[in-house]
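Look for chain A in each of the two complexes below; its partner is chain B in the first and chain C in the second.
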Partner chain A sequence: MLEAKLDAASQLKKIVEAIRDMLGECNIECNETGLALQSLDKSHIVLVSLLLGSDGFSEYRCDRGVTLGLNINSLATVLRCANNDDILTLRSEDRANELILTFEDSKADRISEFNLRLMDIDQEYLAIPETEYAATVVMSAAVLQRTLRDLSALSEAVTIEIDKEGIRFSAEGDLGKGSTHFKPCVDMENAENSINITLSEPVSLSFNLQYFSNITKASSLSSTVTLQMTAGMPAQIEYKLPSGHVRYYFAPKIEDDPYA
Partner chain B sequence: MGIKGLYKVVSDHAPGAIRITDWKALGGRKVAIDASMSLYQFLIAVRQNDGFQLAGSDGETTSHLIGMFYRTIRIIENGLKPAYVFDGKPPDLKSEELKKRDALREKATKSKEDAATSEDVNRFERRTVKVTREQNEEAKKLLRLMGIPVIEAPGEAEAQCAILAKANKVYAAATEDMDTLTFGSPILLRHLTAGDQKKSPITELNTGKVLEEMRLSREEFVDLCILLGCDYCDPIRGMGPTTAVKLMKEFHSIDKIKAHLDEKGGKVQIPDDWPYEAVRKLFHEPDTTPADQVELKWTDPDVEGLVEFLVKEKGFSEDRVRSGAAKLTKGSSVAPQGRLTDFFKVSKRPATPDKPANKKKAKK
Partner chain C sequence: MCGRYALELTTEQVVTALESNGLRIDNVYDAERGLESLNIAPTSYEPVYYKENDEHNLRYMHWGLVPSFAHEVFKFPTHNCKSDSLAHLKPMWRSAKTRRAAVPMQGYYEWHSEGKKKLPYYFKDKDAELLCVLGIWDRNEHVEDSLYSFSIVTTDAGSSIEHVHHRMPCIVRFEDAIEWIDGNWPKVLDLIMSKDDLEFYRVSTAVNKIGSKGQLNEPLKEEEVAQVGDKRQSTMDSFFSPKRIKKE
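Let's look at the complex of A and B:
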């Protein structure tokens, strides 16, 4: 069985809101180390990988592996019924066909309980090999979101170039073109505004901005984001959680030969 | 056309092989489209309000060109890369079927002459439709001007589409003909060139899943299709889909089914002169150009050439041709979107639920 408690429902609400647009039905795997979810979006362009370590919960118990087959949008709907500072408990018995969510108001005497029906989902998983990326950039999540939002007015695609001079975002469309360049820097006062680049070789990749802006919805979860890229490979974009992460694998546009 | 009742057999016995998909999920994919089938659809469907085909000022039909032009633009705008495959010489085995179709057309022509109301005329007129050699040539000319690859199959277009998909030259074969599955295309897309996308969403059929869910080998599947009734030999009297599937699962080949039926006697019999062996050979080794000899190349459209052909010869509006050509240029310059499934290996649900979580933990 699973029993997991969070002191503030907002923690889970924010995560689910960040990923729900990209996902439909998927399995959440629970075991003694925590909750994990891996799911491809419908068009196979983005893979969402979520890990919530057991340490991130104020109370956590899961003796035997449990699979929760859920519609993420239904989960989001139920979570909207919780106030941000409610105490949230997730419960599921072994082999049960429902997930029980309880929302407790810490001050008053209100307890709400919702039962979500579980589904048997035949899901595909991707085996992601351990790789060393050619470039790793750590930057402010809010700045990345803003930069991409600005460029999405121009085009449906953004090109990201990383070299030792910095990281450059550019887009070109019918209106014209635009770009933003960031040099590596260290901000002592606001650490999250630092831009840290580790590079073994320069990289240039293009991505669909619609999907990218969906990914950056996770900016509410973490002050910084880690972008990892290698030429011709999917990028890894990670938002760290207090215990765990929301990680995206994002397929780039295929640049080399548009007619092939 | 195609295999009799195969879609129903697949949806009954292998529902997991059918997926309703949309343009978004297909973006960036290359597809081989059965041009002969599409032209036929355009001649039937692209009509004026009074039901008659669209024609240029000289009275010659232009429905096929309008359909080809605008629907291809829509496919490109959605990020797909289409290649059109045209029929070559039909296999000798098909001559009986073609004779039958000609007879039906003649009958419809007659009925049309006798028909009283315009509605009837209209209905029978659609049944007389046949794609002429000139219309085929015009469509090829149009596609070449649009920068779209044109492939002339030595035999059946759907077989050539299947070979290209099998060799991974394209992602899928797009046609309504179900026998594309029998020819071994891993993926078949239906309704890709259909008119209103909302009314008939694109259906994706996966041959691998059909075989897996029906627990048939490819040889058994081909034999089953022949039993169901194809374009190349007469169906067996009294052999419906239910019986065919049941017999194939029990006996695994037409030869053994025939032996069984011969022994059992009864009403359902496979005639001794039924040419199933020749048909089977046709499905396994159709007359096609090997995929590695087919070059697929998409280029920018020849705008002036299109204007010359469509506007001057066929009386299209110049503005619309030019704006269509601009869409083609734009579509061909957009880099296709990659897919994670092309980079990473897909695995089925792990046997023990706690495995993926453990793996992730180890990675951290």
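Let's look at the complex of A and C:
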């Protein structure tokens, strides 16, 4: 069986809110190391990979592997019934067809219990190859979100260029064009405002801004985001959690190579 | 480089066209493997006119030469053979000494680089006649039983088209193709030249994608020209391979 307790329901609420727009029904795999989810969005442009390590829970027990087939929107709906500082417990018996969510306030004079029906989901998983990315940028998650929101007024696509001078976001549409450039920098007072670039070769890729904006909803989970890119490959965008991560693999816009 | 061409004709139409240009055809082989398309890419099976055992045949061959000595299909491209590589008879192309062919096509595509963009152009005969392109062929018994394959001979583009692309297939008159197939090595190398009074125009980037269909060789309308080179949204399926796991 699975029994996992979080001291603050807000931790799970934020995670589920960050991924609910992209995912429909998917399986959450639970074992002794924690909870994991891997699922493509409906149009197969973004692959979401979530890992919640058992250390991230105040109490965690999972004797044998359990698969929770869930509708993420239903999960989000139920989680909205929890206050942010409620103690949240997830429970599922072996071979059970439901997930039990319990919300307790800190004084333990209110306990709410919701039972979510589990589904048998035949899900497609993707094998993610080990990739050495040409460029890795660690920057403020809020700054990335703001930059992309600004450019989405101009176009449905953003081009990201990373070289030794920095990282440049640009977009061009009927209105005109715009760009924002960030140089690598170190902010000793506010470390999350630093921009750290590791580069083996310059890289430039274009992405759909609507999907990117959905990805940056995870900005509430972490003060920094790690963006990794290699030419002609999906970008990896990672938000670190206290024990685990929310990771997005994002397919770029490409020009077909006639000789490929 | 000639990496894409058009031949949307049935076997009967190809035979009729070649015969009317004076090519004798004793046998037709493997027509069922053929693909009639305006977007023919390497690895498809296409009609090739060649001579084997004193018979002149039309056979649908694998585009991308697999030499007789190869034990696997090479990973590097072998669908084009540079004319100067032939002249030096590099080992890869040694079948050219005895196994030469003619490849019929209605036209071919080349890509012109404009900055980061590669824009496709279609080249065809001004009178829309079938083009006759020099090729070499080989038969391989290691990879599969009697795998026939061919490569298209390319040369420097003529002055009237080199501003679009610097290479082109060797396009000759059909009577020169007969000489190319039947003649003696190395005298046939003198036949390597290309006519360049071709008509050419921009076409849709739809042809960039292998497998796309439709009237890909039609001139691009003016309003479409501005959109050429736009990027296409890729999906994760192109990068990561699926593994299907069914819940017990």
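Rule of thumb we're sticking to: the second predicted complex is superposed on the first by the 254 of 260 C-alpha atoms of A that agree within 3 Å, B and C clash if a C-alpha of one lies under 4 Å from a C-alpha of the other, contacts with A are read in each partner's own complex, and residues count from 1 in each chain.
The rule is simple: a contact is a pair of C-beta atoms (placed from the backbone, for glycine too) under 8 Å apart; a residue touches a chain by one contact, two chains touch by 3 or more.
Not measured: the values here are computed from a predicted model.
Chemist: Just from the overlay, do chain B and chain C fit on chain A, or is there a clash?
Modeler: clash
Chemist: Once the structures are superposed on A, label A:K253 by its partner contacts, choosing first (chain B), second (chain C), both or neither.
Modeler: In the superposition, A:K253 contacts both chain B and chain C.
Chemist: In the superposed arrangement, does A:A36 touch chain B (first), chain C (second), both or neither?
Modeler: The first partner, chain B, only.
Chemist: Please indicate which partner A:Y125 is in contact with in the superposed arrangement: first for chain B, second for chain C, both, or neither.
Modeler: A:Y125 sits against chain B and chain C alike.
Chemist: First (chain B), second (chain C), both or neither: which does A:H44 touch?
Modeler: both
Chemist: Given the touch rule stated above, what does A:G176 touch, chain B (first), chain C (second), both, or neither?
Modeler: Once the two structures are laid over each other on A, A:G176 reaches no partner at all.
Chemist: For A:G69, is the partner it touches chain B (first), chain C (second), both, or none of the two (neither)?
Modeler: A:G69 sits against chain C, while chain B stays out of touch.
Chemist: Once chain A of both complexes is superposed, is A:M233 in touch with chain B (first), chain C (second), both, or neither?
Modeler: A:M233: touches chain B and chain C.
Chemist: More residues of chain A in touch with chain C or with chain B?
Modeler: Residues of chain A touched, chain B against chain C: more for B.
Chemist: With the two structures fitted on A, what stretch of chain B runs into chain C, 43-51, 115-123 or 331-339?
Modeler: Superposition on chain A puts chain C right on top of 331-339.
Chemist: After overlaying the two complexes on chain A, where does the chain B footprint on chain A coincide with the chain C footprint?
Modeler: Residues common to the chain A contacts of chain C and of chain B are 27, 40, 43-47, 67, 122-129, 157, 206, 208, 233-234, 249, 251-255, 258-259, listed in rising order.
Chemist: For chain A, which residues count as touching chain B in their complex?
Modeler: Spelled out, the residues of chain A in touch with chain B are 27, 29-36, 38, 40, 42-47, 49, 51, 65-67, 122-130, 157, 206, 208, 233-234, 249, 251-255, 258-259.
Chemist: Hey, which residues of chain B end up touching chain A in the complex?
Modeler: Spelled out, the residues of chain B in touch with chain A are 24-25, 27-28, 297-299, 332-350, 352-354, 356-358, 360-361, 363-364.
Chemist: Show me the residue ranges of chain A that touch chain C in the complex, using the header's touch definition.
Modeler: That would be residues 27, 40, 43-47, 67, 69, 120-129, 157, 206, 208, 233-234, 249, 251-260 of chain A.
Chemist: Applying the document's contact rule, which stretches of chain C touch chain A when the two form their complex?
Modeler: Interface residues on the chain C side: 1, 3-4, 77, 109, 111, 116-118, 120, 205, 207-210, 229, 231-247.
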